[in-house]
Amino acid sequence: MSGALLSLRGVETRIGRYHILHGVEFDVAEGGLTMLLGRNGAGKTTTLRTIMGLWRAAAGEIRFDGRDITHLATPDIARLGIAYVPESMAIFADLTVQENLILAARSGPPDKQRLDWIFARFEALKRFWNLPAGLLSGGQKQMLAVARAIIEPRRLLLVDEPTKGLAPAIIANMIDAFRELKGGEASLLVVEQNFAFARQLGDSVAVMDDGKVAHRGDMTAFAADSALQQHLLGLGMDTHQ
Amino acid sequence: MKRDWIPWLLIPVLAIAALPLIGSPASWVTLTVAGLAMGLMIFVMASGLTLTFGLMDVLNFGHGAFIAVGAFVAASVMLAMAPWMTADSIWLNLAAIVPAVLAAMVVSGVLGLGFERVIVRPVYGQHLKQILVTTGGLIVAEQLLKVIWGPDQITLSRPTALRGAFLLGDVAIEKYRVLAVVVGLAVFAALALTLNRTRLGLLIRAGVENGEMVEALGYRIRRLFVGVFVVGSALAGLGGAMWGLYQETVTAAIGAQVAVLVFIVIIIGGLGSVGGCFVGALLVGLTANYIGFLAPKVALGSNILLMALVLLWRPQGLYPVAKR
Amino acid sequence: MRACSFFLLSPVRGRGRVRGDAPTMLETQSLTIRFGGHAAVDGVSCAFEKGTLTSIVGPNGAGKTTYFNLISGQLPATSGKVTLNGEDITSYAAPRRTRLGLGRAFQLTNLFPNLSALENVRLAVQVKSGKGYDLLSRTLTHRELIDRAMAHLAAVSLADRAQTVAATLPHGDQRKLEVAILLALEPDVFMFDEPTAGMSIDEVPTVLDIIAAIKARGDKTILLVEHKMDVVRSLSDRIVVLHQGKLVADGKPAEVIASDIVREAYLGGANA
Amino acid sequence: MLRSLLSDDLPRSRWLAVALLAILIGLAVAPFLFPGAKSLNVAAKICVFIVLAASFDLLLGYTGIVSFAHTMFFGIGAYGVAIALTRLGPGWDAVAVGVVAGLIVAIVLATLIGLFSLRVRTIFFAMITLAVASAFAILASQLSDLTGGEDGLNYRLPSVLRASFSLADGTLFGVRLNGRLLDYYLVYFAALALVLVLLRIVNSPFGSVLMAIRENPFRAEAIGYRTVVYRTIASCIAAATAALAGALLALWSSQTNPDTTLSFDIMVDILLMVVIGGMGTMYGAVVGAVLLVFAQNYLQDLLAIANKALAGVPLLANLFHPDRWLLWLGVAFILCVYFFPTGIVGRLRQKR
């Protein structure tokens, strides 16, 4: 597939004795936003972690920008321009908001304009600039986690459940931010449970089930096909009848 | 967030509480300075250990080996420069001490690098094996010290300028203790500044909390860890050199002996916290000196008692580290 | 029979349910746990009756496993109450709850890896026998414990693997062993946390059959967290939906699955 | 009969069975096979250390606890008997008082340490026991009125255990049947009995819970075992057995001092015995103890030869100095932890 920034082919991951991914295959297009959907335990988080090098792929190939990154160490993968927002947010609670962002900006002090752009969307970060991040609320931590990933331009963002525990108004800001990022400087791969959010943002979609990608395609088509959604996303009311 | 200052308050509270028990203000000042000096020397040795634990969940039971090596290397250099040590010039004295201490730090640091590779690296994440293998490392290191320096203890005398005491009225303060306090505070200040004001320090603090995320931000935590391990070993060497001069004798067992105090201090402080380690070290130093004066027979039990009291109050130590 | 009427609850806070005839075996009252400011389980009140199987569903992060942890004692509740058979067990540690009849199987396989399959189950049988503190008799002389353990292994069709070291069993067999341990505890309340996760398709029926068999006995209470909706629907007497730590729906399977609130919880408010 | 005696825990390896039989018989006939005070002393020491190492294995190998305070309990047992014999005179009543007092102190201390710190992680416990043990060792040398300080205590054993006591007229196979011989067999049979009891404990329903806790404490707790209680009981049993080993040592040597009972060196010896012999096998402790006591005596001779050969080379000669035997065992210890975690016994059993 041409124009794919990230592509996974036959990726298998084992954690300890458990075989979690069984040959995952999908692409993230340059400048696009791919939604990774699927029910609990389908392997979405494991997929993100495997791309990031936090779990080792036991088989298969992960290519980023034409380069095989399957066996690179996590820091080297990050340095190619991939940022990761884990589901747990992994905020450094003991560090202030400012310090969290200073660390995330690898190439020097954070850019002023970019900071203002972030503050405009996540106002709380400005307000609690010098507060230890551990004292932020769940939603504010989520903002910080996303801000940390976009404090400098990155080529690919891996985001795990950005809307978990967020109030609707902030979700709207999050949607804004991701819209502006995609197509411009970054491509995104977002794991999401909230389908309303997913359909508003996603260009394409990959749905996982039992450690495999069960469906790949265009978001518009997927959003229109409610039978497919129900079959894949876990309610399955009309199956097995 | 409100800073938790209560543990810091324990230090003056302890000192003031000891005053009426000791009675004589002159003795009290002497003991307090002695306690601070002892505490700060232990802090210098313990700071690296607590950080390596925080960063990689590695506890090195062989840490004492670096302390002992530092003491031996410094002793060798100083003995070789004996004429300058005994000269009646503070500058010549310093010209002997400074290279001795630097040599101690370099050798301990290099040894730390080797120790990390051979002993610690293969057993990451396996606590039981880690305890066993680092203890094994201590056994071997202690024997090697005897191979190199011989089995007998080395007697070491302090340089002329650091003998004796300052007299302020009827209060006597040993000069060497003042130096130990100054060096200890300098190390603490340097560590505190590094941790709070530099990018490297931010990385270390972040790594103690969540090493995986630090990696995902593009930093190599392994390198950071090895760096901290080496610096911690070098500091242990520095502390060993200071302790050797303090005791004026050096034996191969010095490491294992002091390591016990070091462990008590980092437990009290909360494993992984430099601030807690500092407070813990001063509490241990002061308690040991006060009790040593008031009831010499139970002096060493006093550290255990202190540890028990602190853990009853805060079971995870004074400043527990927030983990993931 | 139970009279589980179906409620749609907009802003839900702990509330009573319409009671059935069967006695309540397990009950949580306004059960809450906060991590920092965030309530992972938020005022959940629910009663589980003897002889019923209740499925607990909800999207990722809804608090299902945390709810289980609060019931089985792996986590301490911030507030609220858990009662088992009328006894307030909120302050009891996990082992005591287990000995009182709460049995739990874990989401991630959680065995004694270097012990044999038989030994894994025998240890569970031994809990209620009270022989744990017997230090002077030989383990092998307690035939009755071994025989019962073998029977439980046979129930999950693992009898021929009895002497195999647990860590070397294939994943599906490890899940079955997990179930055998739970059976061996002979609890009054069975808690299954995604019992079929990670099993191959042909292994799933064995576990479902076991659960169905327990249910058929009629005197046990079963709690099930499961994502495969067909499984949930075929087994459950009742479905409870958790969303963002709150109980948002509770009722008969068909009604709950068809309800908008569930769709909203799963799909995020879109009329997909 | 044998099965019951060994609690169904058979050697499961021909070579291990041979080794154990050799140790059992060798120690039984030692007084006649290797007459002389020194070799009898070595044999008795082996018996005592077998018990000490086996009791440590109950903690380390079976329960997964690292305690650096094991010598403390050993010392408590030894000092209990020593102090009682010093104060009350050389009678059996004094021995009984000493043993009982030692046991009580050991169990109370083990309970306190256990309840206080066994809830926390392995590392924490290891550090705390190290601190407590070192404080105790210093305390023992400070309380010189009671313990004799650094010099320790010298005391008279009950008369039947002394060399002057004649069991029967004449000799057997050229060995005088005196009180020392009786003393040796007292130590031998007590050690044998204690090892068999420990073997029974690890193969009992209780022992199986300990292994479950070692394997997965979270799960053990979840199926209904209170891990803190089990761990504490295990450390009490280990402490009591160590104290009995100490009492045997005191009854054998008629002197007790910090170096032979409380020092960190002894702790290191026990660690080496259990790890090199094989953790979690009980027989490993037996094999390890024999090996180490032998090494202490014969590795030195071997090193002395190497040392002579290298006499000219400065550092290398020191490396093979007879006093550096611990260096080589230390290296063996590290290699064991890396490559043979089940030690000698584990290797033998694998081969069958």
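Going by the order they are written in, the chains are A, B, C and D; count residues from 1 in each one.
We adopt the following convention: a contact is a pair of C-beta atoms (placed from the backbone, for glycine too) under 8 Å apart; a residue touches a chain by one contact, two chains touch by 3 or more.
Since we're looking at a predicted model, the values are computed, not measured.
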- Chains contacting each of chain A and chain B, listed by label: none
- Relative to chain C, largest Cα-centroid distance belongs to chain B
- Per-chain C-alpha mean nearest global C-alpha mean belongs to chain B
- Can you give the whole-Å distance between the Cα centres of chain C and chain D? 46
- Whole-Å distance, chain B centre to chain D centre, using C-alpha means? 33
- Message: As a quick test, compute the distance in whole Å between the mean CA positions of chain B and chain C.
- Response: 50
- Per the centroid of Cα atoms for each chain, what is the distance between chain A and chain D, given in Å? 57
- Going by residue number, chain D touches two or more other chains at none
- Multi-chain contacts in chain B: which residues touch at least two other chains? none
- Residues of chain A that touch two or more other chains: which are they? 134
- Task: Answer with line, ring, star, complete or other to describe the graph linking chains that touch.
- Result: ring
- What is the complete set of touching chain pairs? A-B, A-C, B-D, C-D
- Query: Mind pulling up the chain A residues that touch chain B in the complex?
  - Reply: 52, 54, 73-75, 78-79, 83-84, 86, 88, 90, 92-95, 99-100, 102-104, 106, 131-132, 134-135, 148
- Note on the structure: Within their complex, chain A touches chain C through residues 17-20, 39-41, 134, 137-138, 161, 163-165, 193-199, 223, 226, 229-230, 233-237, 239-240
- Note on the structure: Within their complex, chain C touches chain A through residues 36-38, 59-61, 108-109, 167, 171, 174, 194, 197-198, 227-230, 244, 257-258, 262-263, 266-270, 272
- Message: List the residues on chain D that touch chain B in their complex, please.
- Response: 64, 66, 116-117, 120-124, 126-128, 130-132, 134-135, 138-139, 142-143, 264, 268, 271, 275, 315, 318-319, 321, 323-324, 326-327, 329-331, 333-334, 337-338, 341
- Item | Residue numbers on chain B that touch chain D, as the complex places them | 59, 61, 119, 122-123, 127-133, 135-137, 139-140, 143-144, 146-148, 150-151, 256-257, 260, 263-264, 267, 271, 296-298, 300-301, 303-304, 307-308, 311, 315
